[in-house]
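As written, the chain order gives the labels A, B and C, with residue 1 at the start of each chain.
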Amino acid sequence: MVDIGLTVFNGLAWGMATFLVAAGLTLIFGILHILNFAHGGFFMIGAYVAYSVMLAFGGTMPLWLYLVAAIAAGIAVGGMGWGVDKLILRRLRHVEDAYSLIATYALLLVCVGAVQLVWGLNYLSVMPPPALNSVVFLGDMFMPTYTIFIIACGILAFIGLEIFISHTEMGRLIRVVAADPWMAKLLGLNVRRIYLVTVVFSFALAGLAGGLLMANQSLSPELGGIFLLQAFGVVIVGGMGSIRGAFIAAILLGMIESFGTYFVPQYPGIFFLVALAVILLIKPEGIMGKEQTA
Amino acid sequence: MTRMMEARGIHKSYGPVRVLEDVDFDLEAGEAHVVIGPNGAGKTTLFRCLSGESRIDGGTITLAGEDITGLAGWQRVKRGIGRSFQVARIFPDMSAFENLIVAIETRERVDKGLKSTFGLVAPRAAVRGEAEDLVVELGLEGRLDEPASTLSHGDKKRLELAMSLALKPKLLMLDEPTAGMSQSDRAEAVRLIAQVREKYGLTLLLTEHDMEVVFGLATRLTVLHHGAIIASGEPHKVRADARVREVYLGQH
Amino acid sequence: MIDYRRRMRANLAIAVIGLVLFAVFPLVANSGLVFLAGLVAVNIVFGLSWNLLFSGVGLLSFGHAMFFAGGAYAMAVVSLRLPDLPFAGGLLLGAMTGGIIALVFGYIALRRASGVYFAVLTLAFSELVHIVITKTTFLGRNDGLVGIPRPVINLGVASIDLTSALAYYYFIIVAMAVVAFALWSFQNSPAGRLIQAIRQDPVRTAFLGTDVRSWQLTAFVLSGTIAAFCGAVMVPFAQIASPEIAYWTVSTEPILFTLLGGAGHFWGPAVGAILFGAIDYATRALYGLSEITVGMLLLGVVLLMPGGLLGFLLSRRTAARRLTGSGKRVPMANAEKAT
């Protein structure tokens, strides 16, 4: 019983951490139809920025400071998104899929290089703030409070995004442009500005995710790549561009990974990949995706 | 006449939209059969289903007596169908000449198997000779070495026709062969199509909008309306058919 | 008409110049640089194998590390466990390992996936191979397999001693030249032309009577086999097979080579691999500079000159010839394309 409970808990933790990274990724894909490799890079930059903010405050950090650092990272990376859209993404809209994918990979390389230049190659580690550095017991089951915090962040992010997309003016505009940019332009919408807002928002989410997730893992220039593949999997399984699909896919894949690792502990990480391949073959358009006509 | 192609009870839907409803369609060997109909009547869908580009939802198709319903497009090509597209499909980065070489080499592979797949550097002399003959026949001299993407609209259509002919098909399917052409180019295209039909003894299946082209080529005419065939027969009889006049001219 | 003989001579000239440069390089460079040049030679063919897919059948693979690592690990295992097997046997087994991996994964991936999906699926498969390597004791887990010997090739009457790094360097150059030549002639055979046709218009190719998917699979297997051969040749040179060669960043290397050099030209990946090696060497003093330089260059290429470096240079030359009128009337751009 305890084992199953713990496995579910771990699956949720995997899923929500990945969802935090995948949310921005799927948002950009939904509207720009670009699978953004650089998302992993900016997520990593977010983690490093948050780390620096904390260091500037002396390194010991109450919860509020941890959150401030994460938000600062979100704002900083969102600002970078503004520049990236103006300089790069805007020019990729009429480029072949393969080439735009490669261009975002090039941007990831630049991010990795920049992190190495600024913060060095060494592994940096961050402890969770004291308020989150304890354990909650539920019967015999122990759950780290930091992990509970991450799960809560993932769920909150999902609810927030759902409200934003479904119930705000900007969210409505984004949906219109995602569905038919040509028509949106015809109706006089400033499509370019909506693209820009989406990109900035997506980047800010990447930065925020980096800030929130920086504790309990070693920061290294490889961090971007580690989360990126998981987030790709969640975005694709969820149906490219669907926030709700990504959320469900994150939980589903998290459970598969968690239970797989429970039964076959020798090969952690493998079940997610196998599940990804199988789901892609059965339903390539994803669980919430529309069947592609072309 | 022997029967080249026979389609029975063809159904095709795109999502909730039923495009073809229980269509029976015959094609006799040697005829030049033109399918006409208002926009959205299902001409191109029928064309795609018969050539194997789209799967049908119900019905059967036979080619020279053989059931080809479950075969993919490339398998139907192997059995003697050549086709063109409404917007000419050619290999844009290759020269016009190389386009033809690829078509001829593909036919050779179908005929002779993988043996003809390997070779060094230059296409064999026989292949080049055949390509040159086709070039002359279709009047494609002149801009052979330019990338095919730079050819004029008419020349692209001509090149695509040449590629289809290189397959030595029994049945040639042309989807709006004169779409987007000027009047004079149209007349030239009709002359060319009639000429190759004669020379190779082809069975033709066309869709077409332009009435001059239709009556210049057709030995048989089929009218499609709302996904169903409303008339089929000799051109002058179809022209006189009351339902066809109603659909096209709104006469009662 | 296209002057096929001229095209052949031009390519032969490029190949010979390249070979001579690689051959004399050890006379002027130290052993560290010679080692690097050997890796570059392997990378050239690795890049060519990737471009066979990309500019060939139009498939974007983000998982070529799995083939490279597959060949490398097969070679390493054979060298360590079956020391009596002739060297050629190890190379053959290595190449076949890649071919089999490609056949299995390609068969699955090509059933439904195309475009971006294909890219992510190959990325996932490759990561699968990476994890299996790092978790399997037989393959040395995270430490890899070390102490792989360089061979002495016994030809009966004479034997060739490749145990020194320099001797093995020359072996690499010869082996890579042979494979590059084979690839080039393949690309100019009827099958090669067909494969280019598939990228340019798969629907048209199908309606010429070609089973597009089985040709894509064929190209995938061929590409995987060659990439694995590269891995197998590399292992005795470095004398180690480590899990880093299965990491996904290795999959992106042939992409970098090809795009930097120019995807539309047969020798594009070669130019890119040399350039990449040079940048890596020149920026070795400062961590991160190499990534930034390569990333910026790649962005510049995609945004400003999609033909890559070679495409850029050749189109300028063509333009110059047209302006001065010294060139023949035969348009160059096409004659030199993908030769």
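One rule holds for everything that comes next: contacts are C-beta pairs under 8 Å (C-beta built on N, C-alpha and C of every residue); 3 or more make two chains touch, one makes a residue touch a chain.
Quick caveat: nothing in here was measured; it's all calculated off a predicted structure.
Among the chains present, the centre nearest to the common Cα mean is that of C. Put simply, the chain farthest from chain B by mean CA position is A.
The mean-CA centres of chain B and chain C are about 41 angstrom from one another, to the nearest whole unit.
With centres set at the average Cα position, the gap from chain A to chain C is 33 Å. Mean C-alpha positions place chain A and chain B at a centre distance of 50 Å.
Chain contact summary for the complex, chain C toward chain A: residues 54, 60, 108, 111-113, 115-117, 119-121, 123-125, 127-128, 131-132, 135, 248-249, 252, 255, 259, 286-296, 298-299, 302-303, 306.
Residues of chain B that touch chain C in their complex: 51, 53, 72-75, 77-78, 82-83, 85, 89-95, 97-98, 101-103, 105-110, 116-123, 128, 144-147, 163, 167. By the touch rule above, chain C contacts chain B in their complex via residues 1-2, 4-5, 7-8, 185, 188-191, 193-194, 196-197, 200-201, 203-212, 264, 330-331, 333-335, 337-338.
Those residues of chain A whose C-beta lies close enough to touch chain C in the complex are 35, 88, 91-92, 95, 97-103, 105-118, 120-121, 221, 225, 229, 232-233, 236, 266-270, 273-274, 276-277, 280-281, 284.
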